[in-house]
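Take a look at the structures below.
Look at the two complexes coming up: chain A is in both, with chain B in one and chain C in the other.
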Partner chain A sequence: MLSALIWIPILGALIVGLLPGSIADKNVRRVAIVTISIALVVSLYVVTQFDTITTGLQFQEDLPWLEPLGLTYRLGLDGLSLPLIVLNCFLTLIALFSTSVTVHRPRLYYSLVLVINAAVAGAFLAHNLLLFFLFYELELIPLYLLIAIWGGARRGYASTKFLIYTAVSGILILIAFLGLTWLSGATSFEYNPALSQTLPLTSQFILLGAILIGFGIKIPLFPLHTWLPDAHVEASTPISVLLAGVLLKLGTYGLLRFGLQLFPQAWAVLAPYLAIWAVVSVLFGAFTAIAQTDMKKMVAYSSVGHMGFILLAAAAATPLSLLGCVFQMVSHGLISALLFALVGVVYAKTGTRDITILKGLLTPERGLPIVGSLMILGVMASAGIPGMVGFISEFLIFRGSFTVFPVQTLLSMIGTGLTAVYFLLLVNRTFFGRLPDQFANLPDVSWSERVPSLIVAALIVLLGLQPSWLVHWTETTTTAMLSDYSTIATPIEFDPISVLPLE
Partner chain B sequence: MVVAPSKSTHPLAEIVDRIESGGALLPESPTNLIEVVGVLKSYGVVLDAYSINLKFIADNQFLVLFPFFKYFNGEVTTKKLLKHWWHDRINYEFSEYCMKAMMWHGGGGLDSYLDSSEFVERAQEAIQAKIKSNFFIGNLSKIFPNFLLEQVRMSCYYSAIGQFWTVMSEMFLELSDRYDNGEINSIQDVVDHVKAGLVNNAALPITYGVKVGDRTYDIIPESAGLKFLMDTAVPYVEAVFFKSFPFMGTISYNAQARQIPQEQERFNYGALYADPLPVGGGGIPPTLLMQDMTHYIPEYLHELYRESLRGENDIRVKICISFQKSMFCVTTAAILGLAPYPIDTQNPKEQAENRAYLESWMDKLMESQLIRFQSSNVQTD
Partner chain C sequence: MQQFLIESSWWIPCYGLLGAVLTLPWSIGIIRRTGPRPAAYLNVLTTVLALLHGTALFTTVWGQEPQHFAFHWLQAADLDLTFSLELSSISVGAVELITGLSLCAQVFALGYLEKDWALARFFGLMGFFEGAMSGLVISDSLFLTYALLEMLTLSTYLLVGFWYAQPLVVTAARDAFLTKRVGDVLLLMGVVALSAMSGSLDFPGLYDWAEKAELSPTVAALLGLALISGPIGKCAQFPLHLWLDEAMEGPNPASILRNSVVVGCGAYVLIKLQPIISLSPVASTALVTLGTMTAIGASLVSLAQIDIKRALSHSTSAYLGLVFIAVGIGWTDFAYILLFAHAIAKALLFMSTGSIIMTTSCQDITEMGGLWSKMPATTTAFLTGCAGLVGLFPLGGFWALQRGINDFWYDEPWLIVVILAVNALTALSLTRVYRLVFMGEVQPKTRRAPEVPWLMAVPMVSLSVFTLTVPLILNTLNVIPDFEFFNWSAAGLLIMSGITGTALGFAITLNYAWIRPIQAPLRFFQDLLAYDFYVDRLYRVSVVLIVNAIAHFSSWFDHYIVDGVVNFVGLASIFSGETLKYSSSGRSQAYMLTILLVVGLLGALLTWSMW
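Presenting the complex of A and B:
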């Protein structure tokens, strides 16, 4: 069942890539959309079959692959991966719908998007360290090409920067995986949370450090974030949707799965510093976003800030904060996808994303009123206004983290306040006021351009009003993650002997 | 025709020259003609509905302080009520907005008559007849003697605008019929038609009588001498085309930055000045009128709108632009009708006086939408 989620898109990519030239571009797009729709249906079927009470892996698949290397094809699903799997299919579909019907070289474009979908699904499902790494790297090349071929004016620079950063991230993660396996004397790369406990704390710190920096680049956290604004600005709208909505989640997923779960002892010791790092990232993202004049850069920096919340919650590692982590991943995925899709429409219609030039786009007949209204909804959700998904996730995170790191949590909450500042700046400058004469004759926004955003917006409100539909799938897993964590982590925290040698 | 020896030095000299040589404020162009005639046809239909309702309110809702069904023209049925709530109806609120603009800005013989003792006397008679059996209102009127009087003044404006629009509506519909018959072929023909209409009806008396019980009370008798052109048309143009009210939420002014003229009467927001872009938004009166006109746009104009970039999506903004163009034609007719001498006079002294008169109008129009309409493709701004 889980393999289907990986192989359906791969098969689709092959079909799309090999479709003869006589087939109209429109139909190529349809094949891609049908492929992802099938994957989405499968993922939803998995959701219905998922047992919310079981703590362990479900739907496991285990095939030997390269035994001497310790590489097995082992897939499994738990409450951490489940929402991300659905999010991946959903946002890929949204990205496909946001793609212009007249995109150049559609066969290559759609197959690359499908490969990304497969790779991300694989990474979320893999329960073999090496297999995860393979999928993690597999996603890199198509994304590089999607930015480098279909990107904006400085796409060469942005895509190369992305490639270098993410490749370094991959190398660090690989080093950590190899180190963990070899140092602990394991014979395979099976995912085993108990492995690190055989290692001395110093080795754990080094390995966790590699993991943190590796995934910190992907998330991205300050000061490893510099590739992200460039990549977003140059990437086309659907690719930005994918990048912010799904690919960044690989980083936060890795942080929980391979940081917190694989190195609980070291994690517990580093947690206060991680919380400080989170605060720096949150505030840096927020303050930098305030200074931006490019709408896309502003949304990109808001991502840096909002991803910081996840690090804070992961550092706090309470049942509520971990639930908040997963919720924030989904919530940020939906909200940033919505914002990027809308910025894309504004850019397509006005030819600029500069908030010092744009004005009055809410003008009812000649402006972009529906796009503007959705944008207001999106920024409200992002700023954590109750009734939308952003409120639930941020509330869970702050409520969960406050007991452990009160100061850091309060400082992060300032970041939420600042979200309202920069997004109000954006909305106020761009959408209110009188439409300037240069924009008085904007082309029409078609329903096909609005529908993806409308669906995402509906989901943002729906999950904001009914968060239990999401919490329900994850709660058992995050609580179980923590039951392991607290038994391992607690003695260390109060054991002066094992901490002393560090100083 | 001999034109004045020297050219005008006014910034809008081009327009002055055009009017002096028999043209209009709005340049001649086939598109302009279609827009103006088409929108005036639709406006004629809407004005007819407005005027019927205004006269109904004046005559039948006299001193009804809670006129819940004033837009129903006396026919209150469930079907009509549902249609009213559904908002797929004529927005009579717009006509009241114009009435209030006229009442607020005043001007003309009607304004001074309503301040005369004759009016007060006649109005009081009607008021007393109306409230004699109403204990509450009777006492309220004793405490606030001007309250009901002001209501009567408002009824007078309801009636006056209603009478004015009945004439205008007929004039515009006749224009449309003449266009359909091929008699109207240029903007100049439109201006001539409107001017002739204004001049022919200039002396039409404006009267208002209200029936209370069995007796009719003449509040504005014919003997008051109020006439169509000088007492309704001219103050209406001044109040609605020029001054009007600012539209809430569409623009902010900074008085300290001198964005507001020193003399208040030079602060114009009226139909000739209004920004068409916010049309479609809630809470601004032009949206109501444009919405009403969408139902009666003739096919040839609809076709023109459909061919433009946003098709029917911004139709109300497009109608507003066309409407402003047509109102400049009405203004041209008014300017010509009120000119001290015929515009084609050969007498240099009269020409000079006409020139000064036209330039004083141009001063007023400097900041209007007129300047935008001078280029060829205005529908797209």
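Presenting the complex of A and C:
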């Protein structure tokens, strides 16, 4: 069942790539869309079959592969991967829909997108360290090509930067995995949380450090983030949607799965510093976003800020904050996908993303009123206005982290306030005001361009009103993650860096 | 029947939201044939439904113990978010007030915005507004209250930004959202902290917790200050008061609600939070201090405004300042009565203002004059509103303010001075506006000034009549004291202050040529008040400048330091490669020598410990 999620897109990629040239580009696109739709249906079927009470892995698949290397094909699913798997298929579909019908070299393009989908699904499902690494690297090359071929003017710079950064991240993660396995004397790369406890604390720190920097690049966290704005600015709209919506989640997923779960002891000691790092990242992302004039850069920096919340919650490691992590991953995926899709429409219609030039786009008839309304919804969701999924995830994170790191949580909350500042500037400058003459004859927005955003927006509101649907799938797993964590992490006492005098 | 009404009470806020959703086909342009009017009618209909439902509920809960109704929304780990509703005569009465005023404002808007192409959007937002407010007053959970406050922030932003093509509107909407958002984020900090400390976010649970809580003074003070900052933003109190004045750029029917019930909602939340705020004397003192500053300051500022709506909106801030004082001292009944009387009178004043603006297409009171004979209904409404607002016996404002003076009589006599001053200054300001707009010479803009159409006149006249019946309602609610216990000196002082203000208002010379006085000292004071003590400029050179500076610094840091290092590493590697390539000379002796040297060095390093 889980293999289907990986191999259906791969198969689709092969078919799309090898389709004869006589077949119209339109049909190539259709094949890709059908492939991902099947994958989405399968993932939804998995959701219905998922047992919410069991704490362990479900739908396990275990095939021997390269036994001497310790590499097995071991897949499994729990409440942490489940929402991300669905999100992956859903956002890939959205990305395909928001791809222009007349994209160049469609066969290569669509097959690369399908490979990314497969690789990400594989990474979320893999329960062998080496297998995870393989999938993690597999996603890198197609994305490099997608930026380098279909990107903007400085695509060479941006894609190379992305490639080098992510390759370094991959190397660090591999180092950590190898170190963990070899130092603990394990024979295979099975995912085993108990492994690290045999190690002295110093080696745990070094390995966790490698994991943190490796995934910190992917998330991205300050100061490892500089590849992200460049990659977003140069990537085409659907690729930005994928990058922000799904690929960044690999980083946070890795942080939880391979940081918190594999190195609980070291994690518990480092947690206060991680929380401070999170605060720095949140505030840096938010402040830098205020000064941006490119809409895509602004959204990219907002990602830096919002992903910092996840580090904060992961550092706090309370049942509620971990739930908040998963929530924030889903909500950030949806919201940033929506924002990038809308920015893409604005760019396609006006030819610019500069908020000092754009003005008055909300004007009906001649402007982009529906895109503008959706943009307002998107930025409000991002700023954490209740009724949308951004609010509940932030509330869970803050409420969950407050008991452990009160000061850091309060400082991070300033970040939400600042989110309102920069996104309000964006909306006010680009959509309010009088439509200048240079934009008086904008091309019409077709419904096919609006529908992806409309669907994402509907989902944002729906999950905002009914968060318990998501909680239902995840809660058991996050609680179980923590019961392991707390039994391992408690023996080490550490002085809290900052504690509000609560009593 | 009673049980059914209580269990269906959650429908009341939904009517407004439903109305808002129903306008979507018209506001996004799916239905164009009919024009936007059906959307407006649908909204009026849902508001009427909400009003009827509220009335039925009110008759049920009247005189009863508060009824509670709850449903679980989200349960996760140790967090239990419950939407609980409290149905008491006060909360359902507030719903009645909100839906009633919303109905009036919506009918008024049908006339006021008759020619506006975005009528459907406006009614959608009004429905949203009404839904959020009526949910807020019956909410019994701090979480729900917070969520609805944020929705009010959002809908205020959208309503102020309704005519988004005008530059002033754009900045007004931005300021409205950001100032309220500052308060909301601080409130959220308080909510998160409270939730973590008390474990419950229902008001009864919080009250229980507050009775037993033993907090250190610092924590209590921080908590209290965080909790009051949300209402400070909502009620336009110093230092988050700038938005209300700017928000007057929005359409007038929305201003009717904003100045009466929306600010009231902020104060309502404050009253609900009072037992927790009173844990800390610092927060209570802050409430009284800020309330006093705003009450006096805003009353003075309203004297120098030439925009008719702004003059009134500053007096809203002033009255809400009195409410803050009342909550700070702990006299919540005074706060409730004042909110009630103020809401009705202010709504009426804003309706008559709307009529004036509609007829003259102008908001500048220095360009008006002589309207009293041309617009009798509007004049009557304005005068009734004034009478209901200031302490004029026997209308609502009198009983409210009299109650306040009575409450503070023994414990806090200096606050009586504040109340009297606000009353006198309000009377003075209203008299000034009245003289400039309705009396005096007819000016070009007021020459052709017919009375407004019936869609605007009907709600205005009905609300005038209603304002006159406020004392009867207060009597039914048993808040008017018996004559034996009546504090005659308080009443006397109050009436005297009102008369003084009015007399001053009539005595000052309102020379049109003198709008900018020539005398430097007078001019200085006028500018100081007209520009709201220059607070916005102060913010521009403080908060805004600091945030901007940090933003540009971090952007610079990102671009030149973080990214610079990365690019430098890249450049360095390319450069070193480019340089090193010249070392491949092709001479094998040189290669051999290099290999020998390096291997030797390596060997030396590896065997270092053995030496």
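In this text, the second predicted complex is superposed on the first by the 493 of 503 C-alpha atoms of A that agree within 3 Å, B and C clash if a C-alpha of one lies under 4 Å from a C-alpha of the other, contacts with A are read in each partner's own complex, and residues count from 1 in each chain.
Going forward, a residue touches a chain if its C-beta (ideal position, glycine included) is under 8 Å from a C-beta of that chain, and two chains touch if they have at least 3 such contacts.
A quick note: this is a predicted structure, and the numbers were derived from the prediction, not measured.
In the overlay built on the shared chain, the residue A:Phe177 is in contact with neither chain B nor chain C. In the overlay built on the shared chain, the residue A:Ile290 is in contact with chain C alone; chain B does not reach it. Once the two complexes are overlaid on the shared chain, A:Met380 sits against chain C while remaining clear of chain B. Which of chain B and chain C touches more residues of chain A is settled by the count: it is C.
By the document's definition of touching, of the two partners only chain B reaches A:Arg366; chain C does not.
When both complexes are overlaid on chain A, the residue A:Phe263 reaches neither chain B nor chain C. In the superposition on chain A, contact is made by A:Thr479 with chain C only, not with chain B.
Of the two partner chains placed around the shared chain by superposition, chain B is the only one that A:Asp444 touches, whereas chain C remains out of contact.
With both structures placed on the common chain, the touch criterion links A:Tyr144 to neither chain B nor chain C. Annotation: chain A residues 360, 363-364, 434-435 touch chain B in one complex and chain C in the other.
Taken in their complex, chain C has these residues touching chain A: 28-29, 73-79, 117-118, 146-148, 150-151, 153-154, 158, 161, 164-167, 169-170, 173-174, 177-178, 181-182, 185, 188-189, 192-193, 195-197, 214, 216, 218-219, 547-548, 550-555, 558, 562-563, 566, 570. The touching residues of chain A, counted against chain C in their complex, run 161, 164, 222-223, 225-226, 284, 287-292, 318-320, 323, 360, 362-364, 369-370, 373, 376, 380, 383, 385-387, 391-392, 395-396, 398-400, 402-403, 406, 409-410, 413-414, 416-418, 420-421, 424-425, 428, 431-435, 467-468, 471, 475, 479, 500-503. Of all residues in chain A, only 360, 363-366, 434-435, 437, 440-444 touch chain B in the complex they form. For chain B in complex with chain A, the touching residues are 250-251, 275, 277-281, 309-311, 313-317, 380-381.
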